[in-house]
Amino acid sequence: MPKTKAKKRLTHFDDQGNAVMVDVSDKASTAREAVAAGSVYMEASTLKLIKARKVKKGDVLAVAQLAGITAAKRTPDMIPLCHPIALTSVKVDLALDLQAKAVRITATCKVTGQTGVEMEALTAVSAAALTVYDMCKSADRAMRISDIRLVKKSGGKSGTFTQK
Amino acid sequence: MPKTKAKKRLTHFDDQGNAVMVDVSDKASTAREAVAAGSVYMEASTLKLIKARKVKKGDVLAVAQLAGITAAKRTPDMIPLCHPIALTSVKVDLALDLQAKAVRITATCKVTGQTGVEMEALTAVSAAALTVYDMCKSADRAMRISDIRLVKKSGGKSGTFTQK
Amino acid sequence: MPKTKAKKRLTHFDDQGNAVMVDVSDKASTAREAVAAGSVYMEASTLKLIKARKVKKGDVLAVAQLAGITAAKRTPDMIPLCHPIALTSVKVDLALDLQAKAVRITATCKVTGQTGVEMEALTAVSAAALTVYDMCKSADRAMRISDIRLVKKSGGKSGTFTQK
Amino acid sequence: MPKTKAKKRLTHFDDQGNAVMVDVSDKASTAREAVAAGSVYMEASTLKLIKARKVKKGDVLAVAQLAGITAAKRTPDMIPLCHPIALTSVKVDLALDLQAKAVRITATCKVTGQTGVEMEALTAVSAAALTVYDMCKSADRAMRISDIRLVKKSGGKSGTFTQK
Amino acid sequence: MPKTKAKKRLTHFDDQGNAVMVDVSDKASTAREAVAAGSVYMEASTLKLIKARKVKKGDVLAVAQLAGITAAKRTPDMIPLCHPIALTSVKVDLALDLQAKAVRITATCKVTGQTGVEMEALTAVSAAALTVYDMCKSADRAMRISDIRLVKKSGGKSGTFTQK
Amino acid sequence: MPKTKAKKRLTHFDDQGNAVMVDVSDKASTAREAVAAGSVYMEASTLKLIKARKVKKGDVLAVAQLAGITAAKRTPDMIPLCHPIALTSVKVDLALDLQAKAVRITATCKVTGQTGVEMEALTAVSAAALTVYDMCKSADRAMRISDIRLVKKSGGKSGTFTQK
């Protein structure tokens, strides 16, 4: 992360302390991409239920994946200070991790525009995770959604960011 | 959780494996409540920025709290198989945990209706957490949203559920 | 208004000062009604344009009226702490007041529920007024939307309220 | 306003009188800005309540400000013939005017696009005003929202417009 | 249909000819159900593509089914004079009719309320059909959505209606 | 349609069979247009009711037309894998065809962007048709919405498509 400590500040407030939608009018329109990830931890027996349905026609992961894609488009409705943007690509992947007893979720968003798509990717992961919870909660109310984080970001002025 | 293992199944699929919005037409309309919680983990310096703004007028927690309340109302738009319901109460609390370097989030939802409000409470926590991320991401891109979970649920046929 | 001065407080904050969606869980479900009104003031020539279109097929007032009805349904999306409710009736009336050079707007909303519909009626008037502005702004940018107010409210615990 | 009287017409109707979303396909994409303003008039005691809360943590103005920003993004959902656009900046300011017993609201919107942002700025002011009403209505039902108007507009083919 | 010809009128207009959301305040809250159906006609080769994907993991019908359920919840956003209601059940079924070269769609909606759910069922069918079109349009732009109709309606004052 | 049979595939799935919002990041931003059409078939007496209202002030066709325009803007909310886009023009026309006992609907959408507007035009027609149904259903529950189809498409890489 190239930003130095000295520069750290919360850009969503103006000088009077009012919340603002950050003015990106003068930013260049560039190709931007963000990847976010997260997990839903659950009982082994719940994971088996998800896996069993996949063999048949019903598919928790397919519903959650679609929920993630749809939610990415609605990010500016959910996050008050997010800019409305014209996403050019949204991908959401879900996979079963039997060893860690988790559903692993990854979302990738792209745009050509004046602002990044981190929030869109993070929102997609969150909505997919919530949908996994919703569809399995009759079997397991103790599931946990964790480790929602930005994995990669590229294309803006602040350069490329990556973490695991 | 009073449900026995033998009864576990995914109620969001019918016998042919199609996803369905569960039919709650014959369920009793009762007072229902759900409490969910979650955390946003971050660098100590980011937490200090949030704290510093609170002393002035700008307030990350106040914006995130409002985002949580608003998102609870939009749960059926975000979670494909959730029922639309007339929430009678939504509360979202955020607190700084300096020792754990986290913002702690709790949401409580109520309804008098035929279906529970777990997803509304979990969605409120998720949206508040995403908003904390959005407002602090210029200072700290490595934040993590974790431990989103149902803390308490009461009022439905399945009885009361609690976990920490 | 039967409330005494001593009782005045802002119910949208809890004891810690956090914004809340007021808990109406224990309120009785009663028939409630609210009437709101407002005006759009403009040049006489603009009013003539609206009137002229009415004689033909195009009709500013009909579009604005529909915008008002639609907006009433979306009140909880616009006003952060409003409860989602199942409106049973929305009426929006617009009339030309040539003498005052104004479009007069009235909206009436009804519900059988635990909370009132003042905000729905006021939102309907506001959206209708904004739509009049939108449709006439190519001819007259100096229009003013004024006097949006609650005209009548009945059916809640606080009794009936009326003003002109 | 540089438009001559002879040119005045309602552009939101086609030759047959049907309402249309004006075709802006051939307009140049330019930097556009609009400023709108409005006021909520109330009893002096209500204004004091708002002021008193500001000293503590609860803050009517902060909630209303966020409502204004959020509503600006939803303008095409509220105003039937408005184009969907990718706003690059939204600012909403609220201030107490103790002498005039009013909350003064100003909103500024920007976009780089083929159509103006007057309606977005006016919608932001309206939603902020309605939210002030909502949050204070338990103390004062007789408040009035008035003088919602376009204060400044620049960047389109029709030139710059200003009024007080 | 028990209504006699003499009684026929359009209830969505008041005596002055204004569009209204019909006042259902005095209607009884009863269990209501509606079934709608429709078809998407296409080339035999397109139908084979849909069928082929089903054997693998990708599934046009599953995506369209979810789109139908989601759209049913958003009916009052799409249809201007529809009441907002709290649906208690939505089912959407899609099946391949190889002989007729069509995807057959059926939707069933339920509510306990003061107004029927015909529009919700018809909207679910329409959205599912549009989604089939969207997902297959790269292979076949000449598809046709036809025969969207109410198949059954029960539970209201007007009695039970059925047609094929 | 210049695509050869060999190239036919469903672009809304990736290699693993997951549903995706097609990546249009590398597509050229060009002027695109789509025209869709459809019909609502009904009893002659219902058509007369619509016609009669037009002579007065109430107008089924005007309400349906506005519903079509509004719905076009909400296409990405209705169709899960549709891209959010900034429509530059939406026109919806409705006409009575007394001989065929039908309301004929046509919608034209335009955008300058990286993806086409077929779904927006088809969604506009569908919403207008559903609104005609909604407004006339008290008189005629047996209406049918049929022949919703793409009539013309131009501006994308796949060239111009036309059908009747």
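Letters A, B, C, D, E and F name the chains as they come in the text, with residue numbers starting at 1 for each one.
FYI, a residue touches a chain if its C-beta (ideal position, glycine included) is under 8 Å from a C-beta of that chain, and two chains touch if they have at least 3 such contacts.
As the structure is a prediction and not an experimental result, all values here were calculated from the model.
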Please identify each chain that touches subunit A as well as subunit C. B, D, E, F
Same vs different contact residues, subunit B with subunit D, by half of numbers used: same
Distance from the mean Cα position of subunit E to that of subunit C, given in whole angstrom: 31
Whole-Å separation of chain centres (CA-atom averages), subunit A against subunit B: 16
Express in whole angstrom the distance between the two chain centres, defined as the mean CA positions of subunit B and subunit F. 37
Tell me, which residues of subunit B touch at least two other chains? 18-19, 57, 62-63, 66, 70, 74, 77, 80-81, 84-86
Pairwise, which chains touch? A-B, A-D, A-E, A-F, B-C, B-D, B-E, C-D, C-E, C-F, D-F, E-F
What part of subunit A is in contact with subunit F in the complex they form? 31, 62, 65-66, 69-70, 72-74, 84-93, 110-112
Subunit E contacts subunit A in the complex at 57, 59, 62-63, 66, 70
Within the complex, subunit E is touched by subunit B residues 14, 18-25, 27, 76-77, 80-81, 83-86, 113-115
For the complex, give me every residue of subunit E touching subunit F. 1, 3, 5, 8-13, 16-19, 38, 45-46, 49-50, 53, 56-60, 63, 66-67, 70-71, 74, 77-82, 118-119, 122-123, 126-127, 129-131, 133-150, 153, 161, 163
